[in-house]
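Which chain is which? They are A, B, C and D, in the order written, and residues in each are numbered from 1.
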Amino acid sequence: MEEGTGRCEAFSDGIFAIAATLLVLELRLPHAGLEGSLADALVALWPSYLAFAFSFFVILVTWVSHHDLMRLVRGTSRLFLMANGFALFYVAYVPFPTAVLAANLTGPNIRTAVAFYCGTFVLGSVAVNLLVAAIVHDQLFRPEVDERAVARARRALQVGFWVNVAATAVALVLPWVALALSVAVRLYWLRHRYHPARSTL
Amino acid sequence: MEEGTGRCEAFSDGIFAIAATLLVLELRLPHAGLEGSLADALVALWPSYLAFAFSFFVILVTWVSHHDLMRLVRGTSRLFLMANGFALFYVAYVPFPTAVLAANLTGPNIRTAVAFYCGTFVLGSVAVNLLVAAIVHDQLFRPEVDERAVARARRALQVGFWVNVAATAVALVLPWVALALSVAVRLYWLRHRYHPARSTL
Amino acid sequence: MEEGTGRCEAFSDGIFAIAATLLVLELRLPHAGLEGSLADALVALWPSYLAFAFSFFVILVTWVSHHDLMRLVRGTSRLFLMANGFALFYVAYVPFPTAVLAANLTGPNIRTAVAFYCGTFVLGSVAVNLLVAAIVHDQLFRPEVDERAVARARRALQVGFWVNVAATAVALVLPWVALALSVAVRLYWLRHRYHPARSTL
Amino acid sequence: MEEGTGRCEAFSDGIFAIAATLLVLELRLPHAGLEGSLADALVALWPSYLAFAFSFFVILVTWVSHHDLMRLVRGTSRLFLMANGFALFYVAYVPFPTAVLAANLTGPNIRTAVAFYCGTFVLGSVAVNLLVAAIVHDQLFRPEVDERAVARARRALQVGFWVNVAATAVALVLPWVALALSVAVRLYWLRHRYHPARSTL
């Protein structure tokens, strides 16, 4: 049961990398591109660039977070692999809400689209909370990991869950505020993360 | 001939990760999305979400299984690489029956689609049985692997093959029962697997 | 200059795995699938299955070959990385001729399509020959690699080049013979390869 | 903070490999391929082949460069991971300007398309400059890396930035000259690179 997390990380990194790169497939010029100038068409794609950059950032932050977490884990278990698989399912799914967001950012459905997009992050929060719970349950943290730090990190992850729920609700009224909130939370996390890793860095 | 299985696992993990992530490309909003609400369109995609989640789960369980198996193998051989390649061919192929399933889950062709989907798992069973046979033939199991555990695992894999054949046949009459059977078998396997790995964990 | 080939192999494995898995994207049901039965539509896709399986086999054999070769190399150089990059370019390109093959295997353009497909293997032969030449030029073979074995392997690779040229020419007259020849050569190579690896296995 | 760069490289290699391979998806035969000969249609795709080969070369050179750089880095930091993430964003984005280039290389919008394509390389230069700045800021170079070599490399990267800016401007007048310039700069860099790696090779 304790072989380290090498192959699990390789598989995870593959899914992170592919999901992040597949986002580019949503960037597409309209086929009827001959009318009007190409420059206009490229500028008109700004919602797609924005959605691409946003989701790439989200996946990157999730990867950094996963990367930090894995360094504290001494091996894998069946439960861990399943919980990790659920987190990877979320990552692999991100390109779809991204496409929905890009297609509707300038139209009448922007509220639904942003709520759908932020709702995906709720799924992501659930997945990460389950992953940490699985690690705790199967006692997979390395011995040197501080229990209080783990408890703090779990509280922070629960806060993250509620922020994502709130952003989803806000999106139905003020979609741009919800998007700003989603970025702000991640920037905050990147700076002041309450993460078990912190205590060992 | 005995360099461990490092690079083979890296290649395999790549194919597992890519196949699992490519599934998301089947999730697509209809282009004529302006009629009706976006929310309705997103809900109407439920067969695609279901097919995505189902196949992601299938690939994940296959990956866990492959992961367990590789830990018991001390090196690669030509035959092993070919048999492993056939198993990877199955994995890379999964997105296509998934798309067929998603497109026909609510239509008149559901029986054919589910039979085609479950039939793919028969192919997968054949591939895994061949892979284990190749490992046994070229004596690639680590010395500490118990022969009786291997024999038990091979019987379990043969049972899996027949369950998949049965599910394919059932699909032609009761497609949803066939899908439930396919999930149940994997959940059962995850809990009580008769796997050579078990004896060494 | 001598850090082993670890990261180069990781990058290479990524491209091999992605190219092999992207092949599945060519498997697509016609959108107007409601006319006629689904079963008929699935059967009518046989040229796509065949092209998918063929190219997956080609990429797999190329990967095994690359895998063997890398085990004999002690490090990388600039020239080596460029030559390897050219070989990877060939691998990444394979899905396109595969799509051309699948789309034309039953139509009037079969001769052109198969010649285009086999012509791709000529490109692949050139790439592999250049890669081995780069390894020899920068003296990157491990000291224990036998020079005569290398010379034999290079002759075999040159024969492979001419077989691919011949298959391309044959395709313009007898396309199915050209395809059979392309498989036969690879099966032969898998069995009786004259490869530097051989002497060390 | 110092665990080496292993997993960061695995993630990065994944994105490099996927972006390079996704380029092939832009190679597509027109659906109305039955009119005219297949051979003519394949020849008419030359702008797509050219754009594919060009961007594959660009990504390959960027990967070699990243590969060299990582060998000099002793570990990762938060800032480093973010800067590296921005560089990977650039890499993941390359397939889109490649598609724009391929679609417009023979039409009236060639100037805009090439400027958009070369403008992407400005983004890439910014990203690499930021990555080296992050490495310097967090003192992540290995102790044996010579400071003067780093300074030389940074100057060369700044020159690269201005060359890319110039190529973007030139593209608006002489698009083919801008493309030639972009290749020439990379070939020059491959031969006479002023790179910190150089001093340790």
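Quick notes
Just so it is clear, a contact is a pair of C-beta atoms (placed from the backbone, for glycine too) under 8 Å apart; a residue touches a chain by one contact, two chains touch by 3 or more.
Bear in mind that the values here come from a model prediction, so they are computed numbers and not experimental data.
Both subunit C and subunit D derive from one sequence, and where they touch, under half of the residue numbers involved are common to the two copies. Taking only C-alpha atoms, you rotate subunit B by 90 degrees to land it on subunit C; that is to the nearest 5. Put simply, the chain farthest from subunit B by mean CA position is D. Centre-to-centre separation of subunit A and subunit B, using mean CA positions: 26 Å.
Averaging C-alpha coordinates per chain places the centre of subunit A 36 Å away from that of subunit C. In subunit D, the positions touching at least two other chains are 10, 14, 17-18, 22, 25. Against subunit D, the residues of subunit C that register as touching in their complex are 1, 3, 7-8, 10-11, 14-15, 17-19, 22, 25, 78, 81-82, 85, 88-89, 92-93, 95-96, 99-100, 103-104, 107, 109, 112-113, 116.
Listed in rising order, the residues of subunit D touching subunit C in the complex are 9-10, 13-14, 16-18, 20-25, 27-29, 33-34, 37-39, 42, 52-53, 56-57, 60, 63-64, 67, 70-71, 190, 201.
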